[in-house]
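Several structures are given next for inspection.
Common to both upcoming complexes is chain A, partnered first by chain B, then by chain C.
The block that comes next holds the complex of A and B.
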């Protein structure tokens, strides 16, 4: 059993006749992993499976070597920020966390310290003694995040964690995800807002209708989509001259000068050869480059190429 | 499993986790609006017996101690056991898990590192503590209030006669009733999406108990509870004609037997809790 990864081994889950996910085989390494797909694609089902809130109809799941049907072990290492927006009645933000930490078996002094630390981390210290029922949507989202991180887990499962957050809080939260990922934790984030996860993910898992359609580092996934040549935007002083050299190459499908005539949009079937050629041109013919950037090496484009839809992406 | 294995279990952790669950559940069972009608069930007889004692104080020839004892015995068996504690336990125990599903809060527990078996037992104990607090207090208060108008005679009965022993048995039977019915309704709340229909069937079964053959009588909670009551109520009138006489079960058998049933139901509940899934859409 792989004790460093989250492993799905041929996992299927059906809700009666309705498919949740089917035939999922995954091995998720530490770092930030995004589950991407439109509503109903199976993101939450995968998260519920890895946290034991639902059981697979077929196959097995293990989280760092722990099967999810052992919650007393699992939730020592896992924190889950769910989409459920209901809270035990009459709790304040502090009580919500404090009581949860007591359920871990912590003593009151330690639970108190950790609850306050978690509240501080999500910027809710001032609202700690207000009833959760009176919190705004953004505050409820943040208290759920605090709930997920309060016991300092090694695996964070975060279902649409940026929903309802204002831009400032989003930026802070994304920075937190990156920080946790860099610490060697598993940070599993689901989102249907593709440009958000693009910025933070070490790897992505693309889902559609209950199936994993692609997984891995986004560049790797992108390069496998061979029927859609990679688009690269080259900003330079003499785009026409560059274009004439590029047309000699068999891997270049298209080279189009941009409207401002200071850039060249290139579509190539072999990005590696293209970059080598560009290096050679710079050295040999003194080509002056302002910037070189892939245009469609993002989750949104990959998703569109693979699924043929933006999939609810915005 | 050996004693060594048992000793190696994390009892201290479980104790702290059970205490944390008690803290949440007692708050929920005692201090929420959901409990108002259980307060009413427990307070009703207290108010009635209080009113009785006030009226008796002004009556020239009021009830005797023996009459009050029989009235209380009737109230205990017909109201407390068959209605008050029964429905109180329906309200408390069927909601231990089902209520969490309806309020969409079960995941709060299921996302914590608490063994599901510990959760089931802790919830049951919290329900029992709340039910026992409601009804043991009510029984004790009613027992005192119903004969308070007798003054010295009642004090003598309690402190020098069999009164205190009777009171102890009534309270014990009330607590056992909470334990027995609690286990039954915890089970129904875990097995059925709508536990009210099976609860109604249990009520009918317990209600027709006096008319059942002796063998079937023993497959109920009320039979053992009645066996333990300190003052027996012989059937009268038509009831005497159709009721089936069965020798009461002695306390040394009735109490462990009831506890055995509770333990079996709890073991099943704990086993079932292991397979819990969060599916609020049901």
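The block that comes next holds the complex of A and C.
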């Protein structure tokens, strides 16, 4: 059993006749992993499976070597932030965190210290003694996050954690995710804000209709999408000259000069060969380049190519 | 795969014993209950009857007090098993009402608001969650039933002497066991009903329905079919019969605890009573198992 990864081995989950996820084989390494897919694609089902809140109809799941049907072991290492806003009515933010830390078996002094630490991490220290019921949407989102991280878990499963956060809080939260990822923790995030997924993720898992459509680092996933040539934007002084040389290549399917006539948008079936050619042209013909950047090597484009809709999944 | 700094260190400090963690759930439930003036008043008012009983016991062994007030002592003033059976019946009825007010509010809001993942994404199982919620009722109802009952017995034992205490040991045993059976049934029923309907007022109404409407239905069956088996639907009758057997009271007309009387000639075999109550508990456990889940699957 792989003790450093979250492993799904041929996992299927059906809700009666309705498919949740089917035939999922994954090995998720530490770092920030984003689950991306439209509504009903199976993101929350995957999260519930790895936290043991539902059991697979078929196959097995293990989280760092722990089967999710052992909550006493599992939730020592896992923190889960659900998408539901559900809190005991009468609790203040501090009491909410404190009481759930007691459920972890921590002593009151330790629970107190950690509750305050988690509140400080999500910027809610000043609102610690206000009732959670009186919190704004963004504050409730942050207290849920604090609830997930308060016991310092090794694996964080966060269902749409950026929803309702203002831009400042988003930036801080993303920085936290990256910090946790760098520490060697698993941070599993579902999000429908694709440009933020790009910033956050070490790897992505794309889901559609209960199936894993693609997984891995986004560049790797993009290069596998062979029926959509890769778009590369080259900024240079003589785009027309470059275009004429590119049209001689069989892997280049399109080269279009940009409106400002200082750039060339290229679509190629073989990015590696294109970059080699570009190097050669620079050396041989003295082509002066300002910049070279892939245009569609991001989650949004891959999402569009593979799942067939614009970003905006949830 | 990236090279990570691996600076994470998990918590390895002291942990409280896992068996005691369900009490965390109870602790916060009591704080909520304390805020309700009506429930606090009702709870404290439920000790008036035990106080009256204590006074009666005191009088029984201090008849001279009656003389001092110019009252004639009664010719027969025995305080034995029927006295305690009546006490148990009265307190159990009060416990039923308190349970009907409190019980449904323990689980229904958690389920209605999808709050169960908050509990179940901790090192905390579904069984511990149910146990934690049950403990809220168990502690409160114990304080209303067997705790004052045993205190009364201790008082009488003190006043009547060692001989009387030893020859009546079945009374505290029956008080303790009878109360716990009632507490178990009440708390399982209220948790199961509230988990099923997820709506506090409806769950409370269902509890009343199970005790009063079902017993009326049972009585109708008895009347129409000229049988006594309709009592199987009457939880009060079932529990009353079990109590009578625990107190080893010979059944006579109108025997049993107040509110839980077993009519003479309509007794059903005691094993049937036990079997019915066990079935009721198993049904409640089945409902709880179906409904208390981290994620409810709606098909």
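Here is the rule we go by: the second predicted complex is superposed on the first by the 311 of 314 C-alpha atoms of A that agree within 3 Å, B and C clash if a C-alpha of one lies under 4 Å from a C-alpha of the other, contacts with A are read in each partner's own complex, and residues count from 1 in each chain.
Assume a residue touches a chain if its C-beta (ideal position, glycine included) is under 8 Å from a C-beta of that chain, and two chains touch if they have at least 3 such contacts.
Here the structure is a predicted model, which means the values were calculated and not measured.
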item	value
Chain C versus chain B on the shared chain A, clash or fit after superposition	clash
First, second, both or neither for A:3, with chain B first and chain C second	neither
Partner chain in contact with A:82 - chain B first, chain C second, else both or neither	both
Touched partner set for A:202, first chain B, second chain C, both or neither	second
First (chain B), second (chain C), both or neither touched by A:254	neither
First, second, both or neither for A:53, with chain B first and chain C second	both
Which superposed partner A:110 touches (first chain B, second chain C, both, neither)	second
First, second, both or neither for A:154, with chain B first and chain C second	second
Broader residue contact with chain A after superposition on the shared chain, chain B or chain C	C
Contacts of A:69 with chain B and chain C, given as first, second, both or neither	first
On chain A, positions contacted by chain B and by chain C	48, 51-54, 71-76, 80, 82, 84, 86-90, 99-100, 102-107, 147
Residue numbers on chain A that touch chain C, as the complex places them	15-16, 18, 29-31, 48, 51-54, 71-80, 82, 84, 86-91, 95, 99-100, 102-107, 110, 147, 151-152, 154, 181-185, 202
Residue ranges of chain B touching chain A (in the complex, touch as defined)	13, 16-17, 19-21, 23-24, 27-28, 32, 103-105, 107-116, 118, 274-275, 277-280
Residues of chain C touching chain A in the complex	1-2, 4-8, 10-11, 13-18, 21, 24-25, 27-28, 31-32, 35, 109-110, 113-115, 117-125, 293-295, 297-299
Footprint of chain B on chain A - complex, ascending	48, 51-55, 69, 71-76, 80, 82, 84, 86-90, 99-100, 102-107, 147
